[in-house]
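Paired with chain B in one complex and with chain C in the other, chain A is shared by the two complexes that follow.
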Partner chain A sequence: MKIGTLTPGETARRLKSRDGLAWRAGPFVVSLRADVPAFPEQFHLLYGEHRLAEEIGKTNDFRLELARPWGLRRWWRPKVFFEMDGPTRMAPFPLDHALPLFEWGFNYAIATRANQYLLLHAAVVAQGERALLLPGLPGSGKSTLCAALVLRGWRLLSDEFGLLRPGSGELAPLPGSIALKNASIAVIRAFDPAAVLGPEFPKTRKGTVAHLRPPPESVQDQERVARPVWVVSPRFEAGAAARLVPLPRDHGFLRLAHNAFNYELQGERGFRAVTRMTRECRFFDLTFGDPGEAVALLDEMAAS
Partner chain B sequence: MTGAATLLVVLRQPERLALLSPPEQEFLLRLARRVGMLGPLHHGLERAGLLATLPAPIRDGLEGGRVVADSRERSILWEVDRLERAFFGTRLPVILLKGAAYAALGLPLARGRLMADIDILLPRADLPLAERELRKHGWLTATTDPYDQHYYREWMHELPPMRHCHRPTELDIHHAILPRTGRLQPDSALLLQEAIPLPGRPEVWTLAPVDMVLHAVVQLFHDSDFGANALRDLLDLDGLLRHYGPTPGFGDRLWARSRALHLTAPLHAALYFLQRFCQTPVPEHARPGWLMRGLITLAMLPDHPDPRRDGMPVRLARWCLYVRSHWLRMPPGLLLTHLTRKGLRRWRQHVWHRRGV
Partner chain C sequence: MNSTPFPTSWAIGKDASWIWEPFENSFFLFNPHSGETHVLNAEAVALLEALQEGAATLPELLARLDVAGDPTPYRAVLEELDRFGLIVPAWT
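After this line comes the complex of A and B, so read on.
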């Protein structure tokens, strides 16, 4: 059963319950408790295609909670905290920013706990089982490009994490919403007027944020792993013509090693995983001003 | 059986985890994560060949914990190597304490043990030289606050923690195993005399096995934060006694040594709790008083993965033990001025610092 088959009211009721609402997010089973107004409707819209976890089992990888404090901050300028088996180091958000808090909190949970994976800081899309990694610093246009690609038929694996299993060298999909920031919200709305976005949250720590709903097919395909084939480092430059420049492999190795959140932590198995990717992937730099042009170039790259 | 009691059973016999229902497994995994014991569990289940039988979230959770523990062990052993280099050509030995020693010796209890920092022991007279050498090689003192500096240098058994400018691992340089202001003052010269070099590595030393045990005893009763690392300290002791205990004459040497270091009372208590919680084979010992028995039995085990949801009696017992450990650390007058000073500093920061005045 999908989250979308529940009514928004039932979603809210389950989020409030003692064990929370549990769903399958890529390789993980996540349970979330939240007693926060407006959040259930937003969550229901963006995560409607995800399967509820009751059919899967009774164990979770993550137990997350959006908790409201007791006392003054429950009522006056109310806040909401992200918790995972107790308090975390995430700073609280204003209550009406619960959705961005959940999205960032879940990323924080993965970055601190999921060390069974080599965690690449990259958006990942795929054609079938051939994956394209888009590593990039914040502001490089990684999420915008990722959104444009999945709106043009690429399969979404994740807009934030390349979850690489060091043993098998496979990437696990984790299709969730894509967080678009500031100007890229309008860019994506113009790029595809049919794109489904959640509400805009102004004045977060990264400016205005709106979340693009993941393509239903990508979510249905979330257990189908992919192999890394292309690594493209995007750089947005206003007005620039799209240009794809191949990189030598030794640069590729350093790009990947520096890009992973937990490369040092993985030790030898991290080194082996990156070596293998360096051998099996092709590396590029991509400069772009218009997402449509960039998508066309990458389609061409994938076809060649 | 409560979650905490099952946790102890599973830590002793990891294969028992595979027999529990998935929700119980998840609860235990979360408890084990709280006390930093995912690594040893993963090791145990791997040896038993049972990892594949576990549900994916349990197996993955254990693996994630193991990766972190292995990485910490690597950084600690690398730090040992760097210390050896920094002290090379001086008369300073590298004498490892606690986790770093267990790892360097390759003891079974070190497998997957989550280590935080590296501790070494030096004669007090050699501290200025050691600090000079370390600074020359890139280590820096982590705190510059004059009161903190004074606190460590005058009253504690260690220097203010140092850290190499390129690495995150904290280095604690001890000249004793208990504070200078404390009630008990085991003689460091005795510990240094009996230190043993690592096989094939004459520059790196550990304490003698009996002294390692006694240091772990002191750690448990005088330095533990019962909400966080007391269980780990107890399991360290369990591991040490299971490893060294069967050596002929070990028990006699342990008692003789505890008398020389004036640590018989805490040793009796530690042996009692080891037998009670871990079924460790231990020499004859006396039972501690009813109050300590009650407090430590309550405080030792976590009730819940979320520390805020431990029961009220548990938290109360921990608070009493916290007060006790401070009581043992300093004479009352000094303790009072120290706490006042710390409290005042916190209050000042809160009110004024935040306003940018």
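After this line comes the complex of A and C, so read on.
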């Protein structure tokens, strides 16, 4: 049973309940409690394709909460806090920014807890079981390119994490919404007018943010692992023609190790996992000014 | 004239169970004891391999490597390997 089969009212009721609403997110089961206005409708829109956890029979990996404070901040310039098994050190957000807070909080939960994986900071898409990783610093165009690729048929594994199983070298999917920022919101709306986006949240710490709904097929395929084949570091440059430049493998090794949140924590198995990926992948730098051109170039790369 | 004291000889530490991987022109070395990964060039790798035969002074190492000429670059590499904790200096 999917979240989308619940009515928005039932979604809100479950989010408010003592145990919260639990769903399957890639390899994890996540539960969320939230008693926040407008949030249930936004969550329902973006996560409607995800399966409810009740039929999975697995305990929760993450217990998250969007909590409203008591006292003055409940009523005057109201705030919302992100909690994970209790309070965290994340600063509160304005109450009407609960969705971006949930998205960042969930990413924080993965980045700090999911150390059974080598956590690569990259968007990941795939054609079948061949995965393309897009590592990139904020502002590199990583999410814009990831959105454009999935809107043209690539399978979304994640906009934020390459969850690499160190033993097998496989990538586990974690398809969620894709956070688009500032100008990239209009770029993606123009790129595909049928793209389903949630509301725009102005004046967040990263500017205006809107979330693209993950493709339903990618969510349905969220237990299908993929093997890393290409690692492409994108760089958006206004007006630039799309250009793909191959990189030597020693550069590739450093890119992967530097992009992993927990490379040092993984010790020898992290080294071996990065070594294996370095041997098995092809590495590129991609400069692009137009997502359509970049997608065409990456389609060509995948076909060659 | 270089006034920095320089050890008389060098040796590889007792528990040097490193893992090596060569890629293109670089060598990646993982040291399980420190948990650190080092990127080494060909000179550093040659010196470490020469030290596998036993502790040695810089001239002895250069002789093992069949290197003639200016030893300065090798001296700098040895100091770097010492900073990484991969080799041990002796001051006898």
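Here, the second predicted complex is superposed on the first by the 303 of 304 C-alpha atoms of A that agree within 3 Å, B and C clash if a C-alpha of one lies under 4 Å from a C-alpha of the other, contacts with A are read in each partner's own complex, and residues count from 1 in each chain.
To be clear about the criterion, a contact is a pair of C-beta atoms (placed from the backbone, for glycine too) under 8 Å apart; a residue touches a chain by one contact, two chains touch by 3 or more.
Keep in mind that this is a model prediction, so the values were computed, not measured.
Partners chain B and chain C, once the complexes are superposed on chain A, both fit on it without clashing.
Within the superposed three-chain model, A:116 lies in touch with chain B and out of touch with chain C [touch as defined at top]. Once the two complexes are overlaid on the shared chain, A:60 sits against chain B while remaining clear of chain C.
When the two complexes are overlaid on their common chain A, residue A:257 makes contact with chain C while staying clear of chain B.
In the superposed model, A:275 makes contact with chain C only, not with chain B. After overlaying the two complexes on the shared chain, residue contacts for A:108 are found with neither chain B nor chain C. Considering which of chain B and chain C touches more of chain A, the answer is B. Of the two partner chains, both chain B and chain C are touched by A:267. Looking at the shared chain after the overlay, A:249 reaches chain C, while chain B stays out of its contact range. Superposition on chain A places chain B within reach of chain C only down to 5 Å, the least C-alpha distance between them.
In the superposition on chain A, the residues of chain A contacting both chain B and chain C are 264, 267. Across the interface of their complex, chain A is touched by residues 19, 21, 23-26, 28, 30, 32, 35-37, 39 of chain C.
Residues of chain A touching chain C in their complex: 248-250, 252-254, 257, 263-264, 267-268, 271-272, 275, 278. Of all residues in chain B, only 21-23, 25-26, 30, 33-34, 55-58, 60-61, 63-65, 67-68, 70-71, 74, 305-309 touch chain A in the complex they form. On the side of chain A, the complex with chain B involves touching residues 27-29, 57-61, 63, 83, 85-87, 113-116, 262, 264-267.
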